[in-house]
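Here the structure comes first, spelled out in structure tokens, and everything after it is commentary.
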Amino acid sequence: MLNILIIIPLLTVLGILFTVKWEQVRWVALVGMSLQLLFSLFLLWQFLAMEGVSESGMRLEESHLWYKHLNITYSIGIDGISMALILLTSVVIFSGILASWNVETMTKEFFLLLILLSTGVFGFFISLDLFTMFLFYELAVIPMYLLIGIWGSGPKEYAAMKLTLMLMAGSALLLVGILGLYFHSSTDGQLSFHILDIARQNIDSGTQRWIFPMTFIGFGVLGALFPFHTWSPDGHASAPTAVSMLHAGVLMKLGGYGCFRVAMFLLPQAADELSWIFIILTTIGVIYGAFGAVVQKDLKYINAYSSVSHCGLVLFAILMMNKTAFNGAILQMLSHGLMCALFFGLIGMIYARTGTRDITKMGGLMKVMPFLSVSYVICGLASLGLPGLSGFVAEMTIFVGAFDHPDAFHRISTVIAISSIVVTAVYVLQAVAKMLLGPIGEEKFEKITDAKWHEKLSSMTLIIAILIMGIIPLWLSDMIYDSLDLMMNKFSTLSYLVE
Amino acid sequence: MNIMDAIVLLRNEALLTLLVLVLIVAEIASGDHKRHISYIALTGMLIISITSLFSTDEGILFGGMFLQSDMTQLMKGILNIGTFIVILQSVEWVSKDENIPRTSEYYALMISTLIGMSFLISSGDFIMFFIGLELATLPLAALASFEVSQARSAEAGIKMIMSAAFSSGISLMGISMLYGLGGSIYFSELSFNAIASPMTILAMVLFFTGLAFKISLVPFHFWTADVYEGAPINISSYFSVMSKGAALFILLIILMKVFSAAIEIWQPLIYIISVVTMTVGNLFALRQQNIKRFLAFSSIAQAGFIVLGLYSGDSAGLNASVYFMLVYVFSNLGAFGVATIISNKTGKENIEDYNGLYKTNPGLSLVMLVSLFSLAGIPPLAGFFGKFFLFASAASQGSYVLVLIATLNATLSLYYYLLVVKAMFINGSDNPIPTIGLELFSKLALIICIIGMVAIGFFGQIHDEIQEIADKFL
Amino acid sequence: MESIFFYLLALVILVFSFLTISSKNILRTAVYLLFVLCATAGIYFMMNYNFLAAVQLTVYAGGIVVLIIFSILLTHQINTRLELASLKKRLIAAVISFISAATFFWALSKTTWPDTNGGVADTSLNNIGLQLMNFGPNGYVLPFEVISILLLASMVAAIIIAKKFSHD
Amino acid sequence: MNWSMTILIPLLPLLSFVVVGLFGPRFGRKISGLIGTFSIVLSAFISLITAFKYFLSSGMDGHYSVIIPFNMEWLRFSDRLHIDMGILLDPISVMMLVVITLISSLVHIYSLGYMKGDVGYERYFSFLSLFTFSMLGLVIATNIFQMYMFWELVGVSSYLLIGHYYDKPSAVAASKKAFIVTRFADLGFLLGILMLSYFTGSFDFQTLTDPDQAAYTQNSGVAFLGLSVVSWALILVFIGGAGKSAMFPLHIWLPDAMEGPTPVSALIHAATMVVAGVYLVARLFPLYLHVAPDALQVVAFTGALTSLFAALIACTQEDIKRVLAYSTMSQLGYMMLALGVSSEINDNLGFTASMFHLFTHAMFKALLFLGAGAVIHAVHSNLMKDMGGLRKLLPLTSLTFLIACLAISGIPPFAGFFSKDEILSAAIASNKWYFAVELLVAGLTAYYMFRLYFRIFWNKQATFSTEIHEAPATMTIPLIVLAALSMIVGFIPFGQYVSWDMSAHHGHINWYLALSSTVVALLGILIAMKRFKGEVNPDATKTGLYRVIENKFYIDEVYVAITRNVIYKRISQPVAWFDRNIVDGAMNGVAWITNATSSRIKSWQSGQLQDYLLAFSAGVVVLFIVLMYLVR
Amino acid sequence: MIEGVGLNHFLILSGVVFFLGMYGFLSRRNMITLLMSLELMLNAVNINFVAFNAYLNNDFLQGHFFALFIIGVAAAEAALAIAIIVLLYRKFNSINIEKSNTMKH
């Protein structure tokens, strides 16, 4: 059944290929992605209806042998974590399509690549086999180059190249890590790329110690791990709206999810031993991204740095290695995905109207485009962790989880990370104040119109998702929480870890 | 041995020789309708390609000078298919006014090199090895200087033949030493009483250079770029795939089978060569302006990856290399195919000229894109699988550092492939290449390449099949 | 007695080899090369490889050197004094050649050659002819055939390159 | 007894917020305003019923029990830690419910008139409803995390309302400042919560405030800087409270917050939200008292300092709303002090006193603000120099304002007298210095309030550009109601209802103290009357010290210096620079090095065949040597 | 096999000739002299083969035949090279190897 998640986008791609008029292309894309969204919801319903967790912890598992000799399989399956991220992806891609309704140059190619990218993302989230996971990972990254390079703005070639190369360099490390895992997946008998198979194996700690950094940094690059995050500001700033949305909203989650599923899950011992290095890095990243955002003038840069901070929090939480923090990490991925997508979507819409992204040149936009402005404010509030919106749920879970470590090192880094929420408030409100409030910046802004239907629908989808997550988080949190048992079992073999 | 069995074992070589003869006869018979010769060559190659798909018996002919097995047959098949594609791509160029008088010579020479490669792969002793190698090389030098009106074509020819001669001299020195040390020219009878003795190592290195030269491994690669640039572009593509492939195959066979006991010597050799080759190839490739030079350096870097498969010295490595070569045929010929068409129609060979290509020639740009991505190893194109298996085979020996260097190099290579992609898709141009109407054969060639690149990866059976052949072979 | 003769020939080979690579007159160079080849043929004779020596004389000395002389004439080089390459280049070439040679001789000094001599091969023309046409072990009919393809191809190749086409 | 009705108290405003917020523009101004007002009035009504029920029926035996009519799991962190959403009824929360809904209803009604003609009318009402909802959620929180959530929501609705006039840069800046400063303080709150919950394994107030549990006894040892871990946690929590309640030095946002519409100031920045800090400390009071008395010292000291400090500044301000804002701060200081000095010695009178003062203060301070609003509404200015002699033009406003001034000054029998008296008696029982300070502040309070009063309503008649007339009924009715309340609420026997252990106490008035404080207050009034009843030249009296005080001790400037110079220039800009140049530079550097290497080795490919072959030969030799080295 | 002459003497002779040829190939400018240097190298290799055949593997004539085929290939190589040299001479009007460096970097 999970195959449908890949089949729908692929069919959409085909559909787009055979569509002639550019006006129709976007409709094809929209219909495809609406189906995808509906199917994700259906899947969620199915998932929640399913009683109990199977022995492997995964549901709807399927496995087909692909490369017999290397025992590469096409294995898919979901647990609560992937389910949540699939939902996120389908929401974001849906609103991404709507947000890029007005792409007029090479429309066909644009939507084609966009949906191809989303195929990669869906595939990644349902993969249980490291090989296919890696395959989908790269499939998701590469269309980015063209999407930014062709439809981007500013120094787009540079940004696209930097982004692609840094991410691919990350995946270079990752590949080595994956091969390392593969060749240690069994001491006798058949080697395997299957995550659950590898998880059953206790890899010796010396091996873990070198594979862990490889995989963690490899995925971490995409998860904006400091200091490998520099592709993010330039990349986001140059990318077209929907791409920024998808990239910040979904693609960066691949990094976090990968760190979680591969680095932490399969290499618990090394994770425990080496986490301090990465905790330092992520703590720096969290606070550093926030401070970096304070002085930015370009809206996209503000959000890019804020992403560094928020995604740093994801990795930070993952490294805290207890159930609550893991839960928080996944929630933060969802929350950040939704609000970052909304942010970038709104920025795109604002940019399309004002022709600038410099907050010092804008002002008073609340008057002329109340819908977009209010959406922006809601998003900003979600970003700074206002209760009732998604950010709060995620951040608090992380903080509570992270605070569960009694030693001074974890405590101090937690406190530093928490203090970022103040800085977040500073830059969010600063942007809101300069851009939306105050007197109208330039005369030409007075003629600006508010959002069109597709823009409204795009924003509303995300806002509703943010609200649902913020107001009734329990089902989501429980869904993720219950799926963490698999992970925790793996950790429980390490007697010295605190639960 | 039954004569019929012998002919069946020799079918590839026999048919190719027959084709050469037919071509020469056709030259006389064709008169003014030289274009028909192209069709003959095409049909011939198609038939031969198809026959090479069938599995074969193991066989030893000529007292051990000719060895045939499924593996060698597979290798020949890959080369045949590649040659078929190259010929498809050549038809347009050969039919130009200045080339058409020499049509049959062109094909005859090309196919005679293919005969050489075929014998090279099947060689069971050093004499056949040497003659096969020379037959695979010498006519190519002539083909490189085929465009007699072009000075740089002549220059390519001289660089090719001089380098080749020098390298075969060095290599022969090594062979003579191996003969002295091993006591025989037959691979099966070679025996070394002290593998790690200085002379054995020296002889092996000297011998290795002859093939390294053909595969364009650093530091024996310098001729490559100049020759590719100067030679007619079809010949460059032939160089980059077939010539390289044949040498790689025989290197695989010799190292893994003949010198399998000497793995402690050549494993570090491959390590060093592989690292140096991909790094240097990449570093040069990223600053090239001419598409042929660019592809030349890219193919050098690819060669660095290919020899990774040798590193493990087991059947998985053999499989990985052969599999990659299969993929590489389609990928590289796809890229070269586009470059050929553009060069033939407009004479433009600089990457700058490709600016804005997508606007005017979306089809060609897409083929180029897919080919370059396949070369760069981007999923789900076949190149990704090929590279992955190469890395996996190297990693199976525990050499993760080597794999890391390779993967980082793959990233670096992505950079320059993206430069071309950027030129085609992103850059604008005041004077773009006009829309090109494709001829049937060129189109067909591109379609075959695309199918190859897109489809191969999805069929795991191909890999498994090669694995079985490789297991049987070693 | 034989050994003295060998050393004499060896000396000839060495001296003329050296002259071949150092002479400034191209025609003389060709002649020096001829001497080298002939002296080598002499060694072959001494070793009882008469057929090989004959081939050496006819193909090498008679064929290739003549070909070279023709090409000298064709390219109007007969009177030009060869210019020397730059000192730097010669120096680098000398150093690299010398190091290569040194490595080679060092390796040679470390080598004991395995002696697998059993009997003495028949080097008569008759036997050689039989072996050349034999397709069993130690028969050389296959290389013989393949080299014919090589020669054919080379011939075709040489023709298409050197031939002047009408529109050239 | 069925308390499920109470759930409507917060839900009605929430509903109003959603309905008005989403459909306000559709409904039109009038209906939106009415929906908002009606829902909150209904909510107030239910609150009053609840209060009656609670105090009269539940506390018959002199002891009130905690009632949790509703509690539902909202988010689960781990097996032991989870956030619940629920309703907790105990004396202080019921008292707060009444205060909030009452003041809010009056402010709503008042706003119907005050905001008439404003562009963002619907927005205003929806946010007002949001605020009310959040504030109600805060006080009825069953656990500290729920409180934190609503705490944040309160902060954001305050932000939204302060920035109501969002095209005015000063309002925008003020709203931003308010949010960020309180956010900073909330950081302390959050850390405090995390620490407390880590030790106790619960967010629940009932578990949390049980001082006997093992977590506290185990962690009572000195951990850091002479204080125990729990003390630190409670100090951190107090920082959160101090931020909301504008305690020194986190007070800087409150005066600026006066940029918002005046009814908002009355509701949020005088009566309800700013007392959240006090309420927080009161909520955790058993914990402070038993586990961390040293934290309570901090509370007391901060309260005393703030009350004095703010009172001094209030004497110098020209903007009437700012005077009131500083006055609020000063009174909040009183409340904090009262909590801080509360101890076993005098039966924890301070706790009751604090709550009592909170209660009375809400009434008269709201009245003051609303009165000031009426004045501003008439005069269209906030500055005293534009006013004067208004008592004839605005007789009703003048009268109610006078009542409020008397109430806040602590003149019997107005409400403030009773509560202030209790505070003073609590203070004197604890520390003489605190008493002295508070007495001084009482005098100062009287002084600045009457300075305000005289300068607005007496003084010389100012000239006005427009005609001045009394406000409409929607605005005057709340004034009258509040004036009435300010007069009578002091007589409520507060100790019987609200006390720290939830049992009824019988308070009594300490007449010596009452006398002394009244005298001091009267003295203040007299001085003010002497100086400001007639014409004044505001510039004449400005000495150096006066200027320092007028400029609020330059605290704002210090803050600006810190934020601008340290955070912005010393941290953020360097971080941005570092990112652009060092981190990004490193990545670009890798690319540069690759390119440079590439162009450096370009000459290898010289086009000279012999160079190639030289490399070839050299390669052979090098390979051989390396292999010799490696193999052997 | 020659009485009184060891295998190493042959090898030293061939080695010296080979590396002289190599030096010539690497240092001379005229393409025809390059070709001649190459012949020296191949000749040296032939000596090797013959010597090994005579001294070590006298059972068969493998080295002998190898030398024979090398001569044949060398002839083909030389012929082709000369054809290209002639072609080049027509284009560049020079057979200086250093002059044909139009393609580089």
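Each chain gets a letter, A, B, C, D and E, in the order it is written, and its residues are counted from 1.
The rule is short, and it goes like this: contacts are C-beta pairs under 8 Å (C-beta built on N, C-alpha and C of every residue); 3 or more make two chains touch, one makes a residue touch a chain.
Note that the structure is predicted; figures quoted are calculated from it, not measured.
Listed by label, the chains touching chain B and chain E alike are C, D. For this structure, the chains sharing the highest number of C-beta contacts are C-E. Of all chains shown, the one whose average CA position lies nearest the global CA mean is A. Separating the CA-averaged centres of chain A and chain D is a span of 36 Å.
Centre to centre, using the average C-alpha position, chain A and chain B are separated by 42 Å.
Averaging C-alpha coordinates per chain places the centre of chain D 96 Å away from that of chain E.
Here the CA centre of chain C is 5 Å from the CA centre of chain E.
Among all residues of chain D, those that touch two or more other chains are 602, 605, 607, 609-610, 613-614, 617-618, 620, 624.
Residue positions of chain E touching 2 or more other chains, listed in rising order: 18, 21-22, 25-27, 35, 52, 56-57, 62, 65, 69, 73, 76-77, 80, 83-85, 87, 97-98, 100-105.
Among the residues of chain B, those touching two or more other chains are numbered 127, 131, 134, 138, 141-142, 145, 148, 157-159, 162, 166, 180, 183, 198, 201-202, 225-226, 287.
In summary, the structure contains touching chain pairs A-B, A-D, B-C, B-D, B-E, C-D, C-E, D-E.
Across the interface of their complex, chain A is touched by residues 73-78, 81, 83, 145, 148-150, 152-153, 156, 159, 163, 166-169, 172-173, 175-176, 179-180, 183-184, 187, 190-191, 194-195, 197-198, 567-568, 571-573, 575-576, 579, 583-584, 586-588, 591 of chain D. Residues 17, 20, 24, 61-66, 97-98, 101-102, 105, 108-109, 112-113, 115-116, 119, 127-128, 131-132, 134-135, 138-139, 141-143, 145-146, 148-149, 157, 180-181, 183, 186, 193, 197-199, 201-202 of chain B are the ones that touch chain C when the two sit in their complex. Across the complex, chain B is touched by residues 65-70, 72, 131, 134-136, 138-139, 142, 145-146, 149-150, 156-157, 160-161, 164-165, 168-169, 171-173, 175-176, 179-180, 182-183, 210 of chain A.
Residues of chain B that touch chain A in their complex: 316, 319, 373, 378-380, 384, 388-389, 391-392, 395-396, 398, 400, 403-404, 407-408, 410-411, 414-415, 418, 421-422, 425-426, 460, 463-464, 467.
Every residue of chain E that touches chain C in the complex is listed here, in rising order: 1-5, 7-9, 11-13, 15-24, 26-30, 32-33, 35-37, 39-40, 43, 46-47, 50, 52-62, 64-65, 67-69, 71-80, 82-87, 89, 95-96, 98.
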